[in-house]
Amino acid sequence: MIPGDGAGGALMATVALPLAGSLLAVVLGRHGAQVAGGVALGVGAAVAVLAAQVAGGGVLRVDLGGWAPPLGIALMADGLAVAFLGLGAVVMAAVVAQAAALFSTRGGESRAGYGFWPLVMVLWAALNLTFLSRDLFNLYVALELLTLGAVALVAIGGQAGPLAAALRYMVFALMGSLLYLLGAVLLYAAHGTLDIDLLAIRAQPAPPDLVAAGLITAGLAVKTALFPFHAWLPPAHAGAPAPASAVLSALVPKGSFFILWRLWFEAMPDLAAPPVLTLLAGLGGAAVIYGSALALMQGRLKMIVAYSTVAQLGYLFLVFPLAGGAGAAQPWEASAWTGTAFQALSHGLAKAAMFLAAGLFVMAVGHDRLEGLRGLARTMPMAVFGFGLAAVALLGLPPSGGFTAKYLVMTAAFASGQVVWAGVLVVGGLLAAGYLYRPMAALFADAAPGPLTPVPRRLQALPLLLAGLAIGLGVASDAPITFLAIGRPDAAAEGL
Amino acid sequence: MIDALDGIDGLRDAASMALTGLGLAFFVAGTLGLVRFPDSFSRLHALTKADNLGLGFLALGLALQADHWGQVLRLALIWGLALIAAGIAAQLVARAALAEAARRRR
Amino acid sequence: MIGWLTFVAVGLLLSLAGALWRVWRGPAQADRMMAAQLVGTGGVGVVMVLAALGDWAALDVALVLALLAAFAAVAFVKANSADGAGDPEERAPDTALLQPRAGREGDTDRGGDEGRSGAGGAAP
Amino acid sequence: MLLDVILCGMILAVALAAVSGLGVFRAVVFFVVHGVLVSMAWLRLDAVDVALAEAAIGAGLTGVLLLSAVARLERLAGGGAWRQRVNVLPAGLAAAGVTGALMWAFLGLPQPAGLGAEVAAALPRAGVENPVTAVLLNFRGWDTLLESVVLLAALVGVWALTADDDWGARAGVAQHAAPGGVLEGFGRVLPPLGLMVGVYLVWAGAAGPGGAFQGGTVLAAVALLLAMAGLAPAPRVGAPALRLALVAGPAVFLGVGVAGLAWGGFLRLPPDIAKPLILTIEAALTLSIAVTLALLVLGRPEPGDGA
Amino acid sequence: MIDPALLYGLTGAAVVGLGLYGFLSLRHLLRRVLAFNVVGSGIFLMFGAAGYRGAVAEGTAGADPVPQALIITGIVVALAATALAVGLILAHARATGRRTLPEDDT
């Protein structure tokens, strides 16, 4: 544990660099793309250095301003946090590369060209902070920054549809923030601290803690678009421009889910009564079924991919009954925990690849209705192959990261006797095959594609690269597994 | 000597009580005017005049209770600002009410 | 002295309560704005008394309230002007309205519960 | 004690009136009144700094923002019958449930817990005497830095809603006022006083109630008044000076934070030079907050239609 | 007599409830944003009451500064969110001539 010395620099860079980049982009206006490119490289390097430090020295804590909690705010990087930072860095690098073509400001400063870059970098900084911060109110400000950035990105297109979607997103997100803030206020009123580690010591099943846990969980569930509150996600993610929807779908809901994960496993582990955890996983399961069913009925590619996000996010909630809950650390909890981390990472990479590919199809054909995409495989082989690889990862077919995730969670489900969650995984996989078959069939149809504008090959390489990483995550899965174990709450119990 | 001293204090307290009481009375009058008067313009007339006078007396009464000059200065500044604000607001709102009534008549 | 000032503060608050009724009832938007103006001035009064009762530093709050008291009225007036950013004084007033009327409620009150260009849903 | 009961009763009545009844204008006026009442409540709760912020933002800027939005919205989307409310019963049940749970939780609070003692203990090393400013700019400076970025992100979001061909125009609708009229007079008389009060609040924030936010909000109100009185046209979106002013606060704060790495950690302010550092941060923050809040209330550039 | 902290805390909880009711049931988008602000001020009232309660117990002068600082941060964040929401509502109204979300319009 190396608090607060030079080693904190890399950890701080992952948040301070995007912030500095967004400030620079506000001033420099026309050169937003170059600033974002520099920030992407910088944060990538910072995450690499941080990963080396965490792998070498274990969990790394930084007390901001030198003030230790409960007075100050602490940031902490453990295996899980650095893995998600890595996911963010990779996805953001690809998104910045594609957005540079879409939002180029060479001609002169345009509205969207000016607005996109500061917003996407502010979003990145807020996202990285949700993975690192240990203070509940600091997480609230990070969530607000995440929400404002995301809503503004959805509305940046300017048409009527995305504007309504952005408004609905904002209404839901504001509701989520209020419920979360209420919970944080109650916890401070009860225990005089907002730090997760101090709360873990002081929390006990008294009225304020129970109500606070309920409100925070409800608030974060709304922000993660869990089943009954998912209505805002598909139109918002489909309405945003492609690079933005890649960030929104692959990363943003994971920020609020990550906080929920921290709370239920580190801040209030013994507060988790089994029925509550089962309810969360039940809603997750319903999200998988409902999201997949609706994805089957969509006519536009981006709507299919957006509803697939609703479904895939449902898988993440299975971790609560399998790995959470009081009682001795069962041997299968570690594998459920790691499996869910894998699911989040692999879905992030695959979903970003899909939305970037969809963006390229829209760039080529002008719209994303399925019938317009027929036969694109012949003219844009790399992008379509990337989309296909991403579909493999989403389905969880070997050797993809998705398969490793499903395998780990399923073994945990069988070992713990809660077979219903294994059922959810299987049914989800089948439904995913269903809704992904339709776009794949259209893309590989042997119809002659209509008039389309050529898409440069270097842009087509981006989705392929991301999808390749999603597959690679499964192939070389032993390194991430050991890395994720650093700082895991019950690190002692070895996985299956 | 001591009771003479508190004589002055007594006098000061009595004066500030009287002034603040007067201020309160004007505020109540202003509110009554706002509630009871028949139309917008007479209400505006009542509230602007009564309230500002009330605030003036209140400020004066409290100034007697002040510990040092900084507070008296601030009380005077507050009253001045409130006067400006009330004057501006009354004039503009009256014109807006007139325009609104004119629009409704057409 | 403390008891008296508390009484004055309570009295001021109750007078503000009267203004709240006008905000609810006030047929025309201008009536509601006036009532808000009264609450602003009354608020300055109450805060001054609270400052005398408690910590004199609260005078700064009264200062800010007095400073910003007119802003709501200015925003209302500008927003309701012809193009939404003008000034009601730019056009000569229609003085025909100001003819004294014997005893009848002023013209501005005959309007429906909502001012015509007034608030929110057209359906009352 | 009676005072608190009456004040709470009025706050509840105003909150109820703001969410019930018909008409958005009435709801907005009730919200402005709510701001005034709540700033009184803060005084009764011994929180003068918060009372200042509530008075400046709740009763001041939010009222201006909502009032101008109401009228503009009526022009854009007025008329037409429509249902004011929907699913009233589930909403009522949910609200009642949350309220009951909150009250049950508040009553169930164990012995009072707070950080007053820790702050008092660390105050000598914080560089400023006012504990709230010490928390805002030193102990939890990271929150405040992020919050100034939140303001900036909101402004960039609002600007991104501009029509494409209006980009580069002046922020907000072109304001104008009758020359020599009452509004222009107000625009000439108040700003000097407002500027004095704003700067005083920022400067006083180190020792007593006040600070960058309260002062910045008052200065934003002064800038708004100058624009609304037609005395100073709103700046163009692309003006470099404006962009530097917008970014000054977060940039200086971030710069001091990174400089802290030299003293052992991010955002670390060595006690002996903490006060000058905090004052520089506050000055830059006040500038950024004043400009950002004024532009947020003015809204997106709309040179074309005045509607 | 119930102590002030409890009174303001329960009032804050009730204001949160009222605001939540408005936020969930109202359809006019501007009124929903307004209800969001009402809920926010209710939350901060509860927070301030908890801070006051903590300070009174510890006998330190003035309320606990940490909640005060967080409330000021919260108020400014709420204003930023409100400003963006209002901007979106106006842009949406300009594009669709509607004051409510599409699914709420009858």
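We call the chains A, B, C, D and E, going by the order they appear; numbering starts again at 1 in every chain.
Just so we're on the same page, contacts are C-beta pairs under 8 Å (C-beta built on N, C-alpha and C of every residue); 3 or more make two chains touch, one makes a residue touch a chain.
Small disclaimer: the values here were computed from a predicted structure and weren't measured.
With steps allowed only between chains in touch, the distance from subunit B over to subunit E comes to 2.
Of the two chain pairs shown, B-D and B-C, the one joined by more C-beta contacts is B-C. Subunit C and subunit D have Cα centroids lying 22 Å from one another.
Distance between subunit A and subunit B, defined via averaged C-alpha coordinates, is recorded as 57 Å.
The centroid of the Cα atoms in subunit A and the matching centroid in subunit E are 28 Å apart.
A separation of 31 Å divides the Cα centre of subunit A from that of subunit D. For subunit E, residues that reach two or more other chains under the stated contact definition are 16, 20, 28, 31, 46, 50, 53-54, 66-67, 70, 73, 77, 80-81, 84, 88-89, 91, 96. In subunit A, the residues touching two or more other chains are 71, 137, 141, 144, 148, 151-152, 155, 158, 182, 186, 188-189, 192. Of all residues in subunit D, those that touch two or more other chains are 24, 27, 44, 46, 48, 61, 70, 72, 82, 84, 98, 102, 106-107, 109, 113-115, 119, 139-140, 143, 147, 150, 153-154, 157, 161, 182-183, 186, 190, 193. Residues 6, 9-10, 13-14, 16-17, 19-20, 23-24, 29, 32-33, 35-36, 39-40, 43, 46-47, 50-51, 54-55, 57-58, 60-61, 63-65, 67-68, 70-72, 74-80, 83-87, 89-90, 113-115, 117-124 of subunit C are the ones touching subunit D in the complex. Across the complex, subunit E meets subunit D through its residues 1, 4-11, 13-22, 24-28, 30-31, 33-35, 37-38, 41-42, 44-46, 48-58, 60, 62-73, 75-77, 79-84, 86-91, 93-94, 96-100, 104-106. Of all residues in subunit A, only 4-6, 8-9, 12, 16, 19-20, 22-23, 26-27, 29, 62-67, 70-73, 109-112, 114-116, 118-119, 122, 125-126, 129, 137-138, 141-142, 144-145, 148-149, 151-152, 155-156, 158, 182, 186, 188-193, 206-208, 210-212, 214-215 touch subunit D in the complex they form. Residues of subunit E touching subunit A in their complex: 16, 20, 23, 29, 32, 36, 39-40, 43, 46-47, 50, 53-54, 66-67, 70, 73-74, 77, 80-81, 84-85, 88-89, 91-92, 95-96, 101-102.
Of all the residues in subunit C, the ones that touch subunit B in their complex are 1, 4-5, 8, 11-12, 15-16, 18-19, 21-22, 28-31, 33-35, 37-38, 40-42, 44-45, 48-49, 51-52, 56, 59-60, 62-63, 66-67, 69-70, 73-74, 76-77, 80-81, 88-89, 91, 93-94, 97-98, 104-109, 111, 115-117.
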